[in-house]
């Protein structure tokens, strides 16, 4: 059993050992570089990269707090022969360096007529639940999913995290690797050897014939809990973990909806122009005749992430909210006590 | 390691042989003829989109790139034709690119503002002012990690020198001692706004000292001065001593973009600028010193004009990209 | 709750498989002011006992469900309204909803059980002319199976027809497996408790449909016709019938006669729809056919354009395919009038329940020799008893009588049909 944190660390370690062009750069990815204390003091703000500096002292680089410069630097290095893994500490900092991501990395290959490869990985933390308030809790991956040229990965467990990260590092396109900050300690069986998981292949986490629940990242676990409760009420939910939002395995969604006729998309990003709205639109467009009920989305409200614990708890999708949406869709209510 | 000097007296430690002089002349003349022709073709409505001309600033591209091999990489600006030509990009393919043709350097998908050729170490003109500086840090970092002697050059204008990306990149390059040269082409305008308005200092090179790297100001109309100053900076970078900033004072013969009426410039300003044309200065110096015969230069100029004529003729006759090109190369694999 | 509103409290749906619940007892009294979520009653299903919560706020004005009632999901339990609503309005509201059980059939399951409705704009049952609310999957399936969505009972949230409803409707005409049916009836009798024979799907469909039919205010009128001329006509037709061809029956002649009379009295060749009657210019007559566990009504189309011989051929084909379970969905839809004939069972006369949305059905018994008075003399004549049931919302007694008299006259003098 390995936590997501250790699975990511193991993936980085194995790839750095395998390929000398892989580097890790970011703010405090070693932590303490050049200080009097331990040079590898932090190993990333949550210790995800801890231990790598000692093994690869020249390839694990602390940066100044300078997102535009070091994310751009990683992209430029990728265009010049390296496979950098840059850590954008919080996805909320995207705004600081966004031009480098969406105007530069994403477009090189297309604008330059297919001659560029930009094999950069940007690891970043997303998600609410840690009382981190509005600027450190967002799930901004739809903004990145929106951009052609970028690939967006959102693992839900340690096994996937390792396989998807190794795939991301070996991939020749720019990849944004989004890690939910509330699930680093979540453990799963993770093989010691190196392996990859292909992008654009969703995983059916739980099979069911009544309702399809499509989700990603940490909410996979929320939806699984909802599905367990609903199963006790006689409603069989199929839970689909997208794993990557770009490329998106839309066929897997259609296949499941063909079976169930009902779709709920559960997502942590904002509802307007978000992932859930996009999937609903795709299904309405491409699988209209399969729908046996109006498709639903369970997302936070169109509001920033609040700080106060009770407010944040209200804000996020919960198993109860997911179950309620499913019940409404199939026309059942819960019996009173 | 800081420092800042204006019009440094350089020791002319980079002597030029006849071939190098002819090559420099050919580069500058090619840029000039390319840009003058684009100016005409744009006026005829033959070229789509936004175009920013480099005419007047040729000595900088030629003076910098004469030191570089294909393994040395540059990032460029929206005013990037000169850098691309000096870095060795195919002129006919560049012309076809500006015309949006399938035979263009980027198969018609980039256009003037995104001309690039990675094989030549040209990582792209750039539509975003200041965006090339962080990318150039990556060039330097890659060279350093891979243990090569390659260097990176980031071309920027005085306008970009006010962007955060530029200032952040100066810091990162200095902190990591990256083999990198920031070449600031100060043509006195950020679009239509004069540098006297958009910054409170005379010389952008002053900023280098604040980040701990040498900053040098040279006359960008003087090929020899540019070549000498950048030569020192590149040697320093290849030695592993870190980045430098070289500010070249230049003149922009045309507007910010083609179609810019330049009402903001004084009536004699462009005329005066043309009077100190970097190419004429170059020709005067090499011929008066007896290094090269005028007739030889005239022959090169004729060859260049023929090349540009052919480039335009071929570009106009070249096929457009078709529907099959629309969705290729969004990703390497998807 | 805004002023002058009224809403239903309905049988909830606790789980996908729940279709009905047994009402336990009331936990509140009439007159209490309810908030959403207040516990109001106990209900039991096959699986659980639970407490029903109020889905609308307001005063509990009328309890409708009684302990022991078995109600379908969506069935009416009670009415909630504010004080400004009169008792008469509440009664009208309940009447408009049908009984508790019927309300469940065509109305919303608990999902929007609170559908509070302003009296000024009473809720309307979906009609043929209103847009039918059906899921895309249900529409596609209905198209594939040739099912008329207007005849499908919705069970989805918000009264939406879902794919399952279409499947159910499509399954209705298929015959029950004979073995299964026989086994059910062969179950040993237990004198004390009786034997429970679960309804077959087709029986359930019939039960549901006839209950729905019974909503229509029926009236019936009878006449007796002399069948002497028809008898002679039939003899003539039989003589000319080739070996192996279907033999024309009295019913076939009657079918033709009805078509002629219906064109003369088109008010009877019609469908009743909410707030309107749809009158047809062609006559499609449904022929009730008994099968082992029920009744199926395949339709002979364009009867007015067909000869008796052609009608006989159609009828024979439909009856054969009905009993062989080989009817096509199209054979069952589009009827404008129905004839039910129990003559072969020795029935003299009977009253038939309407086949909605048709506005009339003709019940006929056996052609029997009877003593009649003719010009002051007793005579023995072949007679047929005709009983016409009508939907009083669409048809009045006089209209019905005129139609039936035309039928009688044409039977007695078939030449009038020319």
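Labels for the chains are A, B and C, by order of writing; each one numbers its residues from 1.
Following the convention adopted for this analysis, a contact is a pair of C-beta atoms (placed from the backbone, for glycine too) under 8 Å apart; a residue touches a chain by one contact, two chains touch by 3 or more.
The structure presented is a predicted model; accordingly, all values stated were derived computationally and were not measured.
**Q** Quick one: name the chains whose C-beta contact count is the highest of any pair.
**A** After tallying contacts for each pair, the winner is A-B.
**Q** Which chain has its C-alpha centroid farthest away from the centroid of chain B?
**A** It is C.
**Q** Nearest chain to the global Cα centroid?
**A** Chain nearest the centroid of all protein C-alpha atoms: A.
**Q** Any idea how many Å lie between the Cα centroids of chain B and chain C?
**A** 86
**Q** At what distance in angstrom does the C-alpha mean of chain B lie from that of chain A?
**A** Result: the chain centres lie 40 Å from each other.
**Q** Just the number, please: Cα centre separation of chain A and chain C in whole Å.
**A** The answer is 56 Å.
**Q** Using the touch definition up top, name the residues of chain A that touch chain C in the complex.
**A** Of all residues in chain A, those touching chain C are 210, 233-235, 261, 288-293, 328-337.
**Q** Can you name the residues of chain A that touch chain B in the complex?
**A** Touch list, chain A to chain B: 21, 23, 25, 58-59, 61, 63-64, 66, 68-82, 84, 99-100, 103-104, 107-117, 148-149, 151, 171-173, 200, 247.
**Q** Which bits of chain B are touching chain A when the two form their complex?
**A** 73, 75, 104-110, 114, 116-119, 123-124, 126-128, 131, 133-139, 141-143, 145-146, 152, 164-165, 168-169, 171-172, 175-176, 328-334
**Q** Once bound in the complex, which stretches of chain C touch chain A?
**A** Against chain A, chain C makes touches at 12-18, 39, 48-53, 73, 109-111, 135-140, 155-157, 160, 162-164.
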